Structure formats: C-alpha cells, structure tokens
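Two complexes are shown next, each including chain A; its partner changes from chain B in the first to chain C in the second.
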Partner chain A sequence: MLAMATRFAVPCPWEKSVENLLTRDNLQKWAPLLVLFALVLFFSIANPNFLSMRNFARISILSTPALMIGVGVTFIILMGSIDLSMEGAVAVCAVLFATMFTALGGSLAGWGWLAIPGALFVGALFGLINGLVHVGLKIPSFMASLSMGFVGIGLSLLITGGDRIRVEDPLFRSLLTYRLGGFPVMVYVALAALLIAGFIQGQTKIGRNFYAVGGGEDLAHASGLNVPRVRIIGFVIAGIFYALGAMLAVAQIGIAETVTGRNLMFVSITSVVVGGTALWGGAGGVWNTLVGVLIVNVIGNGMVVMGLPSYVQDGVLGLLVIIAVYLSTDRRSLSFVK
Partner chain B sequence: MSFIKEFIEQETVNRRNLLLASAYGLGGAAALRTLGATPARATTANPTIAWSYRDRTNPYWNYIVSGGEAFVESLGKPKDALVNLINEGSSEKSLADVKALLGKEGSNLALAIDANDAPNCRPVVEAVAAAGAYVSTIWNKTDDLHPWDFGDNYVSHMTWSDEGPAEKTARILFDAMGGKGGVVHLGGIASNNPAIERLNGLKNALKDYPNVQLLDAQPADWDTQKANQIMASFLTRYGDDIKGVHCANDTIAYGVIEALRAEGIEGMPIVSYDGNQQAVELVAKGEILATVFTNPHWGGGITAALAYYAATGAFKPSAEPKEHREFYGPTILVTPKDAAEFKAKYLDSTPKYDWKDFWGPGNGQIKYK
Partner chain C sequence: MSFGRLKRHFPWITLAVLVLIVGTIHPSFLRPQNLIELAGDIVPLFIMALGMTLVIYIGGIDLSAQSVANMTTVLATISLPIFGVFSGVLVILAGLAFGALSGFVTTRLKVPSFIATLAVGGLALSVGQYASSQRALYMDAGERDHAFGWMVGSGWSGVPHELILALVLVVLAWFLQNRTTIGRALKAIGAGEPAAVASGLKVERYKILAFAFSGMLAAIAGLLFSVKLSGGSPTLAEGFLLPAIVAVLVGGTPLTGGVGGVLNTLVGVLIVAVVRASMLYFGVPATSQQIVFGIVLIVAIALTIDRSKIRIVK
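Now for the complex of A and B:
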C-alpha cells in the first residue's frame, strides 16, 4: 500500500508523458486517424488484395467527390450550422455544367473550359441563396438548406426532363483516365482544392471567423463581428466546393443527371462527423474531413472486398457515426442536448 | 390550436368513411363470390387518367410516361392531362397518393400503377375498387392477388418474365468468355421482382456452363454510382479472375463500364437489360454484348389505355378470358448485329401504336411457380 501511495505521489517522468499522450484532448484529436489505420490494417489482414496501390487508387477515386462536398459542409458545421442542400446543389451544378459544356462545343480544348468557372459560379450563387434564406428570413439552416436541396433537385429535373447528359470529351475524362504516379488526375485536383480549403481555414480572417461563430456566436457578435455576413460567406464557399464535387462526380461517371448527388448528403456529413468535427461547431476542420472521407470509403470498399453484404455496410456506418459523435465531444461540457 | 381540432375531426370522419367503404367493399366481394355474378358498376364518360411510378430520373420510367402521354394525346387531350404520381421508391407514398387522388376523383379515375413493391399492390387495388374506380398494374404484385377477384375494377396486370431473357443474355456473355472463367453480377434493389428474376436467369444459364463460376452478386440498387463503387471493389477482390459482368439493368452497366475505364480495362464482356437508348448505342459499338428491350413506351401507354377503356365501358374486363387480365409484356433481345436496325425502329422514331390493341404485342398469360 505504502509503495503504491508513493508511486502515485511521485510519478516517474515517462508515466507523466504517457498520461499527457492519453489525455482526452489528444485522444479526441488523433482518434479518427487511429481508426483509419486500424481499419486499413484489419481489411488488409482479411484480404491482402486490399493493401495495394491499385486499390488505394480506387478508394481515392470514389472519395474525391465526397471529399469536396465534405470540405464544403465542414465550413458550415464549424459555424454550428448544418447544410443539407448538397444533393440538390450537386445536381444543379452537374447538370448545368454538362449543359454549358455541351453548348460551348463539348471539349475542354475549345470553349468548353468556360463551363468550369460557369459551374463554380452556379455553385456560389446556389450557396448565396441558401445563406440569404437562412440568415435573411431567419429560418434555421437545417430547414432552409433541406428545402433548397429539394429546390435544386426539382430544378435539375426541370432542366434535364429526367434524362442524362453525357460528357464524353476525352480531355475532360482524362481527369479519370490519365494517371500520375498511379493516381488519376482528379485525385490531385481534389488535393489541391483541399489545400486551398486548408488555407482558407487556417490562414484567412474568414476562416478564423468561422471558428469564432461556431465557438460562441454571442461572444463573436459582442466583439463586433458581423455574424450574418460570415454565415452567408460560409454558404457561398460551401457552394463553390459543391460545384467542384459535382464536376468531379461527372468526370468519374461521364454522366450528369439529377441523381448525380444521390447519397452524398449521408456520406459527406458522416465523413465530417466521423473525422472528428463537432456538430455544435467550433472544433475540427477540413483535415479531419479528409480522414473522415477516407474512413467511410475504406469501409465501403473493404466490406465488399471482404465479401460482406451491403446492408451490413450501412449498419456499420450508422454505428460508426454514433461512436464518432460520442468520442468527438466532451459530454461534461454540454448542459443539454437538443 | 383550432386547426388541430379541425384536423382531428376530419381524420375521424375520414376513418369512418374508410371503415364504411371497406365494409361495403368486403360485402360486395363476398356477395360476388356467393352469387357468382359480376357487380354492375356505373362507367364514366371522361375519367381522369393517372400514372403512378417510382421516379423521373430513370430513363425506364421516362419511357413509361412517354407512352402514357402518347395515349392521352391519342384521345385528343394535352400531355399534361396525364396525372403523374411519383412515389420516390416509397410504398407508403404510393398508397397515400392514390388515396388522395381517389378522394378527389372518386370513381372517375383510370389508374395505371407500379405499386413499388409486391405487398403494396393489394391495398392500392382494394382502395381503387372500394372507390369504384379502375386500375391496371404492372411489375409488382403478389401471386395471390388476381384481377378477376375484383370484378371490373382491377382491370389487368402486366409483368415481364425476366428469367428467360436474362438467361439468354447470360449465355451470350458466357460464350463471349469462351465458356470459362469468373463472372460477377450487379443486381437491382434486392427485394424487387425483376432483380430476383434477372439473377435467377443468370443462375439457370450457369447450370450449362460448368467452367463458369459466379464469383459474387451484390445489389447495386439500379444505380450508376453505386454500381461504379461496387465494380471497383470487385476488381480489388477478384482482380483478373473477372472475365465477364452480368448487370441487372442498363444504368448499372454504365457504372460498370466507367469503373473499368478508370482501370484502363478494355474489351470486358458485359451484358445488361432494359434496352435504353444509350445502352443500345453501346451495344452497336460492341461495348455491351446484349440488352433486353421491354418496350416501356408501349407498356406505359397500354396500361393506361386498359384502365381508361374499362372505365369508359368500351370493354368489360370481367367478360375477358384470364389471359387478357394477367399477361406478360413483350421482350426483344438486342445484340450488336441487330442494334442499328432496332434503334432505327424503336428509339430514333417512336412507332405509332394502336392503343386499342391491348393484347397483340403481349407474351401470353402469367404462369405461377
């Protein structure tokens, strides 16, 4: 007993450092990455084919559109709001991109490239309307964005009449077909966009303002921050990333249609949350989202590689969200949950 | 809070009506069985025509609707005289929409519907029969539900026997593989009849090809993106063992082709189903070896026509033989050598159909196992 008591009273230096490493903060910070490594290890043991460059390339191709959408919505979630309009936004951007691209000659080599800034503008405009509806009409972001999502689906259906628009320009499709170091060009495009998002988040005033609004809106407001303006800018930036995601999704399949964004709402928000960004805002960021997107897609790929049926996959993802939300927040700091 | 009270009152009244109507319907059905007579229901001169189906984002349903619209136009009405009920894959919404429309139109309705899944067909048909309106169904229906049990109100059911054609496409696939090697199947929504039948067709063909092995079958939910993702995972799991791909429909095949394109894999034998425009073009190019056309344009038109002409009294369903109440729709196999001719005949120009020739293009009475 005495020995134990002295041990607790005078901890060895290495024990101290282990304690420091295992603090709740550190666990929260690194848990998603550890989960990702554990999953990769698990699936590699289950089927050695999993651990190959070609498979990682496959996972990364599937991850790129979801990563862009996830990065976009990360900014919104950082502010403590939520955006559920991505499926509609992606549908509108994809369909308008393909329409403009075809109308401008259907080739990146010609005037078709103008469709890219065109689609980014459409995304920004969609985000702007979303933000104005939310802030201007004082409708909760949940409802405003969900409704805007439906508007987007309806609009894209109106434009296409339910048909698919094919984008077959070999130069545009080289985003998927041309590989550098084993990975298609679209993966590098997505990484570049992620770096820009990281820059916005870490190095710009608006990035810090997102954290300020999410961390404590009243304080931010009291310190003279124009909170409504920050929110609207957040939605505009998110819209631009949705447009990027839409174009990458079109590059991946070669088809723009109303269902181009299907399932992206679930996948992107799951990714953001699993990556460790808190739903109440103020903590996390786009790097977390990268890890989250990889976790979700590694599970999707790994389950099929292991030969498990798809409903098990959905179930596991659902459980994962619950665990992630539980781990990513310090429950003692919450007085109530709504 | 008065609106809540009002709502509750309305609901109570509705429930009473529903109970009364069901009691009446059951009584009617019982009387029918005991007396063996057909009930005389008033027919209506100008019924509202409605089509209830899954979604507008799928080319298949677009063809169905185009057929419905062509039929409505053949009556001298504008296209938008066709009421579209879209259930978005929800049986609950499908039934609720039908009940709402019955509430508005009463017996003055000719409804064409795919009830989304088989169990939902019965409540839909019962609701229509109770209102004295007319319904024709396609695809989803349980085996114990028959039009002739509802007098004239349940006009007809058409489905497509997919096992045979899916078996034919599987044989074309296996022959292209040289009769040996691994094959993967990407299916539709697991509980859908056509998804089950198309997989069964593949399994039937496998019996004659002992050297072909079914490596895996996963549901891709008729969805291009999901098919793309599953095919990529299949490539990791089975790699070069995959010598052929059997797809449950064309939209799945598009996702598979893109997954293969991403890997730089060319010349993989693929077969699909539905005969959509893009798929037929791919068949003509040899990228897909076969697809099966079920003529959804005709199916969409004739199903609406059957309900409509029964409602107007132009023909009396209960006086028709059973093979005119439950029958198979047409299927046409499209392969590279006839793709161009097929495309010119059915896709580039829409043939004019005689919407009173209800049973000509059909494939005989439905057989249950």
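Now for the complex of A and C:
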C-alpha cells in the first residue's frame, strides 16, 4: 500500500520508461508476438496435448507453404500494393514443377533436380508478367493480380486436364519424411528461405527501396527512384517465393494439381496483415509475417485440437483480417477508402 | 469522332461484332430458340453482376459475391422445407446483411473494399460449410415447385421465367440508378468521393447501401441458381466471380466508377454469354475459359480505367 502511494506521489524514472514502452508504435510492433504467446498459452491450458513436440511439428509442417507465400506477398504489401494471384501462381508452379520433374526422370538423384530451378524460373516469370501488367498498363495491383491468378488457374487446368500429378521420389519426399531434431527438413528449408528474405529486406538496396515506395511513392519518385522498376522487381521476387511455396506444398502431400494453391490467398494475406505489416505499405516485414503465419496456424490447429470443425477457420480468419487492418490503420490520416 | 467519344459505344459494338462473327460461321447460333436458352442460362450470373455494378460504380469492388451466393444455395435448400416460399425472403435478407457488413467494414473501419469483402466472403463461406456440413444438399422437387416453381421454366409464351425476373430486376436497378436520390448520390461518390463528402452527402450511408444491394442481389442469384439446380452446396456457385466482374467491366463501367451502370452490365453479360457459347462452338476446351476471361478482364480494365482519378497506381 505504502509503496503504491509513494509511486503515485513521485513519478520515478521507471514509470517514465513504461510510458515510453507503451507508445502506439511499440504496441503495434510487439502486439502480434504477444497475441501469439497468449494463443499458445490459451490452447495449452484448454488442451495439454497442444503443447507437445509432435503437435508443434505438425503446425510447422502446415505453416511452411503458407510462410513462403506470405513472405512473397509481404514484399508487395510493403510497397503498398497487393497481390491476389498466388493461388494461380502456386497452381502453375506446382503443376509445371511436377511435369518437369517427371519428364526429367522423376528423381532428385538424377536430372530431376533441374525442375527446382525450372519452377523458380516459372515463378519469377509469372511475377514478371504480373508486374508488367500492373505497372505497364497502369492497372491497380489487386485487379491485375486477381486477373492473373485466374489466368494461372486456367493454365494449370489446361496443363493437367484436371488430373493430379504424383511426385513419389523418396529423395524429394524426404523433405517431409526425414526429420532433424523433431522437425522435417522442409521446415529448415523454409527457415533458410526466410533468412534470405530477411537479408533482401534489411541488407539490400532493393529491400530499402520497397520501404521507400511504400512509405511515400511521391517522395521515392522525387528522390530519383525508378519506382516502376522497383515494383516489377518486387513482383518477380514474390513469384520466386510462390514457386518455393508451391514446391513445399507438393512435397507435403506428394501431389501437384490445380487445387494445390487453394485457400492460400486468404491464409497468406491474413498472415501478413495479422503479423503487423500495414496494408498501406512502408511498415512491417518478413519477420512479422513469420509471427502472422504462426498465429493463423496456431489458431487453426488449436481449434482442431479443441474439437472445433476445421471450416470455422475461414470465418475466424475473416474476422482476424478485419480486426488487424482496423487496428493497424491510422484513421486520422485517411480521408476515404475505396 | 474522337476515340474518347467512340469509347462509350465500344461495349455494344463489341457485342454486335461478336454475334455477327459467331452467327456467320455457325448460323445455328442465331436460332431464336438457341438465343433464348443462352440468355436464360446466364441469368444468375447477370443478377450477381447487377449487384457488382453498384459497388464498382462507386469505385469499390465486391469479392464476396460468390461466397454469399454459395451460402445462399445452402441456406435456401435447408430452409425450404420449413419456411416454404419465405425461405426466399430469409436468404435475401441474409445476403443483404452480409453486404451491409462488408459496407460497414469498409466505410466505418476503413478497410479497403477488396480486403473487407474477401474477409466477409470468408465468413459467408464458413456459414455455408457449417450449415451444409460440407455436403451437397438436394431440394424436394414438390416443395421446390410449390415455392419457387414460378422462377424457372417457361409459361405459355415460351419465354423462360428467369428472363422476366432478370428484366424486372434490371428495370428496378435502372430506376434506382437514374431516377432516385440514391442513384444520384452513388454517381456523385463514384465521380469523386472527396467532393461528394464536401458537398454534405452522407457518403458512408450510401456506400453501405450499395454493398448491401450487392449482397442482396448475390443472394437472389444464388437462390435462382439453387432453384435451377434443385439443391445447394458450399461450392455450387464456384466460378461466378470472374465472369461477373468481367461482365461489369466489358460492359463499360470502369474500375474507377462514376460512369457506366446497370444497362452497361446487361450488354457486358451478353458479351460474356456469347464468348462462352462461341468457345463451345469453336471447340476451345472449357478449362481454358478462365485464361480467356482473365485476359479479357485485364484488357477491359486497361481500356476503361480513368487514370486521371488515380494519380498513384498501387
């Protein structure tokens, strides 16, 4: 009691620092991580089975493709644009990867490994077309990419004729089956890709350029930045990460088909936004996306562990997006929203 | 005549040229019976596009229309044995509510419409999957004919009833757009939102209304589709979203809003119908429809968008 009274009487430096810690910026920066911890705590109490190595491995396996797609679209959202083409891009990359892989002998030990750079190239090309349509034709990115997504889904349907392509090479499937320290290899592959993305974002010129364009395109342009070029490169990098996500998704189930990309648009954009990357661009990054992907997948997994049907997830994700965008928006600076 | 003035007439010229081409190569295409069937089949899509028009007209987009229609097919099938014809009223109100929710989220919470409607679409998807337990459901033929028989089939005149329904809706929508204060307000918002706000319009209210109408029309589209197919499933209306947006844009309502309108969408839907039919005639595999419509969409946006309104294209 006494301690409290003195604390209210004399503002000590400690209190000052708490005030500094609780600024809007800091709250926005750390809120996603806090939410993640709170969720893990909540589900662990609700069902102790949640807190097991096996379950964490399960969450991480489910998270890897979404993480790659999320990281890719993070670069786009950092620039203040959006990419809605991932379902089509992933479908095309997955199907072409499997086709090339099979045609080259069907084994990573043989020439099959060439399918991996091949798929990355396809992803880059898809991103390039996306960027060119958006920048070249001056079409808002959400519509340009939505259209390209439809084109991609149609293309993958045309290639497969609606069939599934099986990829059964044991060496390729070892991405899922071989475990190191409890987690399958694909999780480490995804983490390595995340580190590369972190490097691009923090240590390279193009990474800084994404922030510059997202922070204020006028300024970026006025200070001599070739904004169209930055935008197109952003879409190309995103495409490469979509291709990575597509291959990991194929490794996960051993099948490449048009629906490989299903639902990834909703999940990945939710993850990015929930992780704290602002939809208006300029703030956030790939580390936020890691947290966001984990939040989304912990919720999904936790609901299953608690015995809730999986389809409630779409609704919950929908609410999450709205809440996250609402909280991350500085509404005073906006006059209107389309 | 300058290009700019000619542009307004592009949609119907395109339609006429397409019909001429297909009709010359395959004269059977022009049989009245064939044309009426073609028009009848496209009605659910047209109704959804009609709602989408109102939202694009004010410069927004509604990506939830397909999910709302999906949800409607499920809800209508489930509630039909209980409420009879009133299940129609029920699902239309549900669509209205989901649309209004999209409108609320985008105007009051300032979430861009494509994200807001995507999220609300996720909600609708969940409801549809929950209500159907992720199965395909079937309507009892007797109950269906008793409650909604008037919607489908053709009477003494040989004109499918869907076409009459579509005609009624388009007249109502046209009246709303051109002869009411709401319509003028929507045009003002589409032409320039800041100016509309400055002149004292209750912009948020009208925007919510536009989204609500879009949800309602998506529900009517879903209801009609479900009556036509005599059942419902959470994926029944899959593949509606792309052609609906394409129809609005090729009809001449630009993504930036303000011009065009429901009659343009009528022309746009007919273009979509003719393109679809001609792909069948010319043996283009159905799987590549999405590629064609995706590219058509890009071209249509590029041709119609008003670049003076968007200084920075994000």
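As a working rule, the second predicted complex is superposed on the first by the 324 of 338 C-alpha atoms of A that agree within 3 Å, B and C clash if a C-alpha of one lies under 4 Å from a C-alpha of the other, contacts with A are read in each partner's own complex, and residues count from 1 in each chain.
Criterion: a contact is a pair of C-beta atoms (placed from the backbone, for glycine too) under 8 Å apart; a residue touches a chain by one contact, two chains touch by 3 or more.
Predicted model, so just to flag it, every value in this text is computed and none were measured.
Partners chain B and chain C, brought together by superposition on chain A, clash. When the shared chain is aligned, chain B comes close enough to touch A:R54, but chain C does not. By the touch criterion defined above, A:V312 lies against chain C but remains apart from chain B after alignment on the C-alpha atoms of chain A.
By the touch criterion defined above, A:D218 lies against chain C but remains apart from chain B after alignment on the C-alpha atoms of chain A.
The partner that reaches more residues of chain A, of the two candidates chain B and chain C, is C. In the superposed model, A:L157 makes contact with both chain B and chain C.
Contact with chain C, but none with chain B, is seen for A:A144 once the two complexes are overlaid on the shared chain.
In the superposition on chain A, contact is made by A:N301 with chain B only, not with chain C. Look at A:L279: by the touch rule set out above, it reaches chain C but stays clear of chain B.
In the superposition on chain A, contact of A:E168 is made with neither chain B nor chain C.
In the superposition on chain A, the residues of chain A contacting both chain B and chain C are 157, 161-162, 309. Remark: chain B residues 55-59, 61-62, 216, 218-219, 223-226, 228-230, 232-237, 239, 254-255, 258, 261-264, 278 touch chain A in the complex. Within the complex, the chain A residues that touch chain C are 79-82, 84, 133-135, 137-144, 146-151, 153-155, 157-158, 161-162, 217-218, 266, 269, 273, 279, 281, 309, 311-319, 321-322, 325-326, 329, 331, 334-338.
Note for the complex: chain A touches chain B at residues 47, 49-50, 52, 54-55, 58, 61-62, 157, 161-164, 166, 173, 176-177, 184, 249, 252-255, 257-260, 262-263, 300-301, 303-305, 307, 309-310.
Taken together, the chain C residues at the contact with chain A in this complex read 59-61, 63, 105-107, 109-116, 118-123, 125-127, 129-130, 134, 193-194, 197, 203, 242, 255, 285, 287-295, 297-298, 301-302, 305, 307, 310, 312-314.
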